[in-house]
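One chain, chain A, links the two complexes that follow: it is found with chain B in the first and with chain C in the second.
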Partner chain A sequence: MRMGGLLAAPAVLYMVVFFVVPSLILFVYSFWTAASYRIVPDFVFSNYLNSLMSPLFWKVTINAILIGLVTASITLVLAVPVGYYLVYVSRSQVILYLILITWFSSYLVRIYAWRTLLGTSGVLNTILIQAGIVDTPVGVFLFSRFAVAITLIHIYLPFCILLVVSSLSEIKKDLVDAARDLGASPLGAFFRVIAPNAANGLVGAFMLTFVMVAGDYVTPQMLGGSSGQTTGLLIADQFRKTGNWPLGAAQAFLMFLVSIAIYFAVMGLGRATGLVVKRRPIGKAGG
Partner chain B sequence: MVLKLVVWSILAFLLMPLVIIVLFSFHASPSLSFPFAGFSLRWYAEVLGNAQLGSALLKSLTVAGFTALITLVLGAAASLAWLRLGHRGRALLEVLCLTPIALPGLFVGVSLLVLFAQARVQLSTVTIVISHVVLALPILIVAMRARLALFDRSLEEASRDLGASQMQTFGKVTLPLIAPTLIASAILAFAVSFDEFVVTSFVAGTETTLPMYIWSMMRRTVTPLINAISTLALVFSVAILFIAWLIGHLRRRSAVAGRTVS
Partner chain C sequence: MTIRPPVIEITAAQKMFGSFQALSDINLSIEQGEIVTLLGPSGCGKTTLMRLIAGFEAVTAGTIRIDGKDCAGQPPERRPVNMVFQRYALFPHLDVFENVAFGLKVKGTPKAEIRERVQRMLHIVQLDSYANRYINELSGGQSQRVALARALVNGPKVLLLDEPLAALDLKIRQHMLVEMKRIHAETGATFVYVTHDQDEAMILSDRVVLMEKGRIVQIDRPETMYAAPKSLFAAKFLGETNLFEAAMAGDNALGMTAVTGSGLRFHSSIVPASELRGKVIVSIRPESFRFNRDNDTTQSATGQVEDVIFIGSRSFYTICLADGVRVRVQVQRSTRTSLPKPGEKTEIFWDSDNVVILPQS
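The block that comes next holds the complex of A and B.
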């Protein structure tokens, strides 16, 4: 036990110094003020209040939430069949490694790939023109919410699939087989047996994807054009361009609160629709 | 059958952009669209002749190497601790590891920037490595945790009962058993660091890593040169993944062999 503490100490210390402490400093910063490029220790709520009263902040935050919700939903819907296939139908190593390859292929490269695919002289447009479907290049592919969404889905889908696989792995195939024997269709078996049992894991996968997507500011910046302003970009710019770090810190924590609020909203929605149920011990009613 | 079709369409969606990137890296003309004007290696020749790119690559390799090394040492100790810790110790480690994974890189990046500014630390290669370890260490510990659930502590006890010292037990029993997984995880830490962009952009100061160089090119223009760099990065990632898989695979085989002997 003492030995264990000693061995864990370096890693714990490292994470405390370089993760916990910085987060706390950032929190303290959010109450400070910035005056003419200098940061002054203070204790004011103006960073929070100013952000909450700024129409721009709400506009970009709603944009980030919308992009996050739509993208995370589509990502989960795409991830579930792949996860289901990998867990219950075939433990195909080929598919697993193809997913891992996309997961480990560079983040920026994938953004760049969609940029070349969707551009006015890009692959998609040239194919559409040659097929005679359109006469002039479609401009809205690039620099639109569509471009941002499809790229984010592409970037985070492998991650989401791996989360879905791990949450489905906890549910025994016997349960699915039993449901099928009792006459449930594959979709019925999924919605009535797997989904309720895996609900916590699936909600977890959705939320993690949401947080990653809503916080991703590079993709909207590269592919979103004027519609690509998100809270993440606003925060990043406070730390890079304008230099009002306390304001950026406050906005980072507001974004964090928004994510928590959305988590509770999703859980509440799940309970209301009966998809998420509190796990009861086996033997008692329900299950 | 319908499911299989759906799964393969989704995989096609995942792979198609990568295939297009690789295809156009061999394009004879600077255009990035069809019709395809024939194959050429001119962009790869340009990559090799680019000195800035070379120094960015070297920087990335250095950072990733140090990140993997530090992560390996800290993570190895934490993994050994994991076997010995009680519930509360494990819970603490878990919270410390899972929280940074569940936060966007932006949050980690700006909080580290604020820390370095407050401590008056000059942004440099060192701050990049420090930051990358924050991202890689949790991933290594989480990956190790899954493997260590299968670890049989009675092997250590047997070794002690047979008269081996604590150090001998560690060197001859524990370490050989967990080493392959540790090395595979360290390779993943290398891959994470090599590709990291968001956090790096806050803590790099004037240093340029490969992703930051690619970013600066991407912002300016769209050229098959970026495709060639991307293809090389892709090949590199796949190679890393393959090595990690190979080590894991050998481990499984040796574990099976060990079981038949005993």
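The block that comes next holds the complex of A and C.
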């Protein structure tokens, strides 16, 4: 135990210094006030109240949540079959590495690549025109939620696959075989055995993807056009442009609460549909 | 008794994994109600053969018929067989009742019937009061019973058991073997049992299918396989034996004779599996030797007692024969006859129906 504590100490210390303390400072800021590009110590709830009353805040937050939910859902649905294949069918590390290699290319480069692909003179429009499906280039591909979603899925899918692979790896192939042997179809085995046992991991994968996607303000900004404003961007603007750190801090904490609320909503939905069950640790007898 | 087709009939089955031949030329038919063990060392293909029957793997060539129907292309969920997995593979998110009910529920059996059948099965495996326990609250032996119940509740034509006792310790294993026989008698199901443990195979089986390197080398009742192994591999794999290198020295209506290099003669009355000539191996079990002469005993050798191991009901002797060959002799404890002591010279005797002459490879 002593040794374990010693080994964990650097990471804990790092998190305390660079995450917990700054978060607390930010939390304190959220009750301060800003006046003419200065922040003044105070204890007011106006930052929270003003945000909650602001139609703009709700508009961009709902936008961020929508982008987050849609993108994370699609990403998870795409990641699960890949994860299933990697864990139970091929067990190939090579394919996993190939998937991860996409991370070697820059995030911004990939956003620009999608701008090129989806633009009015982009590959997609060219193909559609060549195929005679449309006469004039379709403008809605770019600067739309569609463009944002497709780019975010592209960026976060490998990450989600990695999370799905790790949560499925805990579930032995034997359990799938046993379910099949007892009469379940492949899909039945997934929903009756894998999903309930991997539920926590899969919800975790969904939530991590959601948090990253909902907090991503570069992609929506560059590909979303008028639909591209999200809470992340709003918060960033408070810090960078208007210099209203207290308001930005309050909005950051509101977004944090929203994420937690969504986590519980997803878990509740899972429990209601029976996919998420109270997890029992896999003991030696059950393994 | 009516004549039924065998419940499993495997004809000329082969299995390749890439370029590796896992199984070749498998022919096996299993009758309704039998306990058949697939016995062999690890890597002999016994588990692969079981997975072929269950439908987890497909044959590369040949056919497998279950209950008279060719099951090529049939996925595991459509086959009338159920399996008990080596590590049980119980569902950790379900309790004992729900685990056992899984197969019935998938098939849409009415709730009342599920309840009744699961309870009856839990009674058979003596877990009536464990229905609401979770899997991680069970001991190894209890998990094993749940796995048996979960498979048997579906009323499979054949129950496949993949080394079901391998994960248990010795005492529970012996107890579960007895249980397994009782459950078999109570359910009347056909058992196909994979094991590498010769004792399990001999205790349980009606017939043993001995496998080596992807082939079936012998199918026989356990007593027959023990008394009359058809190959050196079978003689060595089942039980302990003494082996002598010898050469054939003729045969007649009463049997065959083989002679070792030092002139020791072995006469066998067991009909060999194939014609024997030239160099052979003679196999005699330790318990087939005696220290006292019977009326009709004609075969004997002299040697010196090197070592005695006493283990209660039995003693194991190591006898060094005149030509330096060592022989292991097992005798029952007896208060009537006196047994030789270490260092003493002694004579050992054996009968022709205990001498097995085998081809060299």
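In the analysis below, the second predicted complex is superposed on the first by the 263 of 287 C-alpha atoms of A that agree within 3 Å, B and C clash if a C-alpha of one lies under 4 Å from a C-alpha of the other, contacts with A are read in each partner's own complex, and residues count from 1 in each chain.
One rule holds in what follows: a residue touches a chain if its C-beta (ideal position, glycine included) is under 8 Å from a C-beta of that chain, and two chains touch if they have at least 3 such contacts.
Predicted model only: the values in this text are computed from it and were never measured.
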Partner chain in contact with A:Gly228 - chain B first, chain C second, else both or neither: neither
Touching partner for A:Val89 - first (chain B), second (chain C), both, neither: first
Partner chain(s) touched by A:Pro10 [first = chain B, second = chain C, both, neither]: first
Chain B versus chain C as contact partner of A:Leu175, first or second or both or neither: second
Superposition-derived comparison: chain B or chain C, residues of chain A touched: B
Touching partner for A:Gly68 - first (chain B), second (chain C), both, neither: neither
Common interface positions of chain A, toward chain B and toward chain C: none
Residue ranges of chain B touching chain A (in the complex, touch as defined): 3-4, 6-7, 10-11, 13-15, 17-18, 20-21, 24, 31-35, 73-75, 77-78, 80-86, 89, 92-93, 96-97, 99-100, 102-108, 110-115, 117-118, 130-131, 133-134, 137-138, 141, 191, 195, 197-198, 202, 211, 214-215, 218-219, 222, 226-227, 230, 233-234, 237-238, 240-241, 245
Residue ranges of chain C in contact with chain A within the complex: 54-56, 75-77, 81-83, 85, 87-93, 102-103, 106-107, 134-140, 142-143, 150-151, 154
List of chain A residues in touch with chain B within their complex: 1, 3-8, 10-12, 14-16, 18-23, 25-26, 29, 78, 81-82, 84-85, 89, 95, 97-102, 104-117, 119, 121-123, 125-127, 130, 154, 157-158, 186, 208, 211-212, 214-218, 222, 232, 235-236, 239-240, 245, 248-249, 252, 256
In the complex with chain C, residue positions of chain A that touch it: 172, 174-175, 177-185, 188, 192-193, 196-197, 277, 279-283, 285-287
